[in-house]
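Lettered A, B and C in written order, each chain numbered from 1.
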């Protein structure tokens, strides 16, 4: 090669790279897939990839794969959402790849939709399937009238408690109302034990509390969001817990199902956990707990709902999927067909069933560990039916949870009460929503 | 450092120059310094160094011991000694077979990224460093300043925009997305240019030119052999840098089949929360990936030393 | 080929790659950092567009308590960890070079060994030594009555510092040894004739003369500190003390891939790069200044 040419080539190469760089200088836009025509079902056989952190999900998929021969679903395990799973899904989809179906927690769905990572399922006629689902499940996958994911399990809150100690030793009962909770917690703490122990940095608890009390923190209105964290229901919850924290009636050193919690629960020093229905499997690993534990409804307010939502996931169809129709066919089976539900309970140990009228065969009988209590039908079913159906998740729940968690950490020390923190958080969240380009206002 | 100490420095530095004649007839440096050491000092210093060595070896020792255990023994027996079952071979086989033999593939990927990346990066950096050291041309200082900036900017700060750039070019989640950024070593360029200005004599190049050797030939045939110590250092430095990289492949790769060993092991470790059997896979995988590197490091550290001296003395 | 074009031919492959993988991304990051996304519809389904945001992202980043806290955390980490590591590396180098220990080759190799172990794998190894129930160290300490939670919110920063120190002390030690070896033997001879003790030799001759190597190691360590990402990110799943915005780098990563805020992520990346630049320049400046004074 002659020097002139190579020099020019070098310049041209550099120039081309430079131009490419400048062209890419606008931040990448989320996929416009929801403005494009829908993709019709394929003619031949279809392979679907499904990324999730549910264990042994392939076994569930195999039940479906063997039931028909058109759609083949392959599950791939990824780390839990906030442990790197979400970043993995989002970067893969942004790069034009990724799976057809991805596990996304219910509260994360709007955030994924905002990133342009999800297919608007309503465009594939999924609203017709809405009645197949538990209303408490499907409403959590919706923003306005649009369905963005297929609920795969939920976590209606209940009280899991050590009956042997609470009732037989201390002569108390599982609190039915929050007033009773206050009194019971006081007596338990005088006895040198803790009724519950919370990790104050975990923002999911206060959210479940206000949800039950009837607050709707994030209301879609027209083209924008109304953020309302200071309404009566929220303030009632804030003032109540400020009092609990000030009088140190509950433990705040560690959360439920952590190593120290298990140790304390085994010794009968922590007596309960007020958390999602999926807690049953975790409570069963309390050493020596068999026959001692029981399940009761979540304590209630005079007005408000029976229970709140704590955890739960959806299976969402990614915006890069070439087969949304087939993905929906599979997911409808998995999340509403009794065979799918039973397979998910058996292999993947999911939380509460998302289906309308089916809780799973294994959950319709008394449970040995919970001393023969038929807790699923007796307790969890009413909790699942008594959900706040007005609640909508906002497209920034990771940050909301972090803000609320940080706020509760300072509330526990008494620095800033929850009541003030909610007001400050409301202002901050509206600002963040505007920063990410949304139309948002504080409620008046 | 206080002024007083700096003053003694100056005197300390000046005196020996005056004494150089005296020193010149003295024996070698090591001999001179060995003389007069008390045996007690030797024992104390050796003991001290041995304790420090324990600190550096504990994690490696732990992984060797625990790679031989069953999952029950892992939790049930002391981490500092063997468990009841010795199943090193079974564990190793499980590591190599898991997921359809994905672990050997991760190893090969790492070798590909680090091997190809470091060889090409060394060649490119050396050619550029030599050009900057041996030619006077317009824009030379500008290039120098630009690359100096590149040395100081943390690589991770570049990883995110690079992802968006590659994403717009459609090459994320490919071998290229990790390989291409690995081909650049600004640090290597500096080392090469410092070394070249000292180790490649002008006269040699002039003699070559008179003999009719082309400019590229001068570099390849005359300069490169002189630069061997710098080449080894850059190669090793870049190899380790690519081998250790985590953020770049994490950002770029979604397909497990393209993972380097670091990302793959991280993926296994993340599964231990739910599936305890992954503890054994992670420990076994860590052992397998540490051993070849340890051997490589032990063998190559002598080469390393020579090269870095040049870099640090003159840099 | 004439020697006017030759340097450019030799430079070309490096420069093209350097521009493509460093300069352009940096320009892009700067570009992003001045933009903001506007979305119409509840979730942007009505379309999005980028608009010029001025310094908004920078103001937001610098008033974001978590980001500021993560920078403060890194400064604390850097001051403590880099100091401990450089002091340890210097002492080890001096001891090994003092010729008063047996088997210096073995020790040198042992100390350098961790450098060959990637940060990810080092973190995995150490995490096994941190997890209660798995760690023999926790067991041993519990026997003598010390209860430590290496992964607790107040301890975990130092547990990370330990991993970084473990990995890089030997590497820095080798750089210092290389410099020590370049000190002419006559200096030691003269000091001996003057009757100087080993300690005085170290303070008066060796330390001042290895200053360039120390500067090199300190600058690399500062840049390394600002890059801290893999270690805390891996430990995040095991420690409640590590948030998604624990270090500046983790924060930028979270804003880009979790919070849908590319502009903010870019602004944070630019701030990290500027900080690395400034800190390195300050370190170099201090070094030159003390050099001139001596």
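Convention: a residue touches a chain if its C-beta (ideal position, glycine included) is under 8 Å from a C-beta of that chain, and two chains touch if they have at least 3 such contacts.
Quick caveat, the model's predicted, so the values are computed rather than measured.
Trainee: Among all other chains, pick the one whose mean CA position is farthest from the mean CA position of subunit B.
Mentor: The most remote chain is A.
Trainee: Could you tell me which pair, A-C or A-B, is linked by more C-beta pairs in contact?
Mentor: It is A-C, judged by the count of C-beta pairs in contact.
Trainee: So, comparing each chain's Cα centre against the centre of all protein Cα atoms, which one is closest?
Mentor: Given all protein C-alpha atoms shown, the central chain works out to be C.
Trainee: Express in whole angstrom the distance between the two chain centres, defined as the mean CA positions of subunit B and subunit C.
Mentor: So the centroids are 15 Å from each other.
Trainee: Would you kindly tell me how far, in whole Å, the mean C-alpha position of subunit B lies from that of subunit A?
Mentor: A distance of 43 Å separates the two centres.
Trainee: Need the CA-centroid distance for the pair subunit A / subunit C, whole Å please.
Mentor: Spacing between the chain centres: roughly 36 Å.
Trainee: For subunit A, which residues are shared contacts with two or more other chains?
Mentor: In subunit A, the residues touching two or more other chains are 20-21, 24, 27-28, 79-80, 83-84, 87, 91.
Trainee: Which residues belonging to subunit C are in contact with no fewer than two other chains?
Mentor: 1-2, 6, 8-9, 15, 20, 24-25, 28, 32, 133, 237, 253, 262, 266
Trainee: What positions in subunit B touch 2 or more of the other chains?
Mentor: 163-165, 251, 270, 273
Trainee: For the complex, give me every residue of subunit A touching subunit C.
Mentor: Touching subunit C from subunit A are residues 3-4, 6-7, 10, 13-14, 17-18, 20-22, 24-30, 32, 34-35, 79-80, 82-84, 86-87, 90-91, 110-111, 113-116, 120, 143-144, 146, 199, 201, 220, 223-225, 255, 258-259, 395-396, 398-399, 402, 435-439.
Trainee: Note which residues of subunit A are touching subunit B in the complex, please.
Mentor: 20-21, 23-24, 27-28, 53, 55, 76-77, 79-80, 83-84, 87-88, 91-92, 94-98
Trainee: Would you mind writing out the residues of subunit B in touch with subunit C in their complex?
Mentor: By the definition above, subunit B touches subunit C via 1, 3, 5-6, 8-10, 12-13, 15-16, 19-20, 22-24, 26, 28-30, 32-34, 36-37, 41-42, 45-46, 48-50, 52-53, 55-60, 62-63, 66, 74-75, 78-80, 124-125, 127-128, 130-132, 134-135, 137, 140, 143, 146-147, 149-150, 152-158, 160-165, 180-181, 183-184, 186, 189, 214-216, 219, 240, 243-244, 246-247, 251, 261-263, 265-266, 269-270, 273, 279, 282-283, 286, 289-290, 293-294, 296-298, 301, 304-306, 308-309, 311-313, 315.
Trainee: Subunit A touches which residues of subunit B in the complex?
Mentor: 163-170, 172-173, 250-251, 254-256, 267, 270-271, 273-275
Trainee: What residues of subunit C sit close enough to touch subunit A in their complex?
Mentor: 1-2, 5-6, 8-9, 12, 15-16, 19-20, 24-25, 27-28, 31-32, 35-48, 50, 56, 60, 66, 132-133, 233, 236-237, 240, 243-245, 253, 257-264, 266
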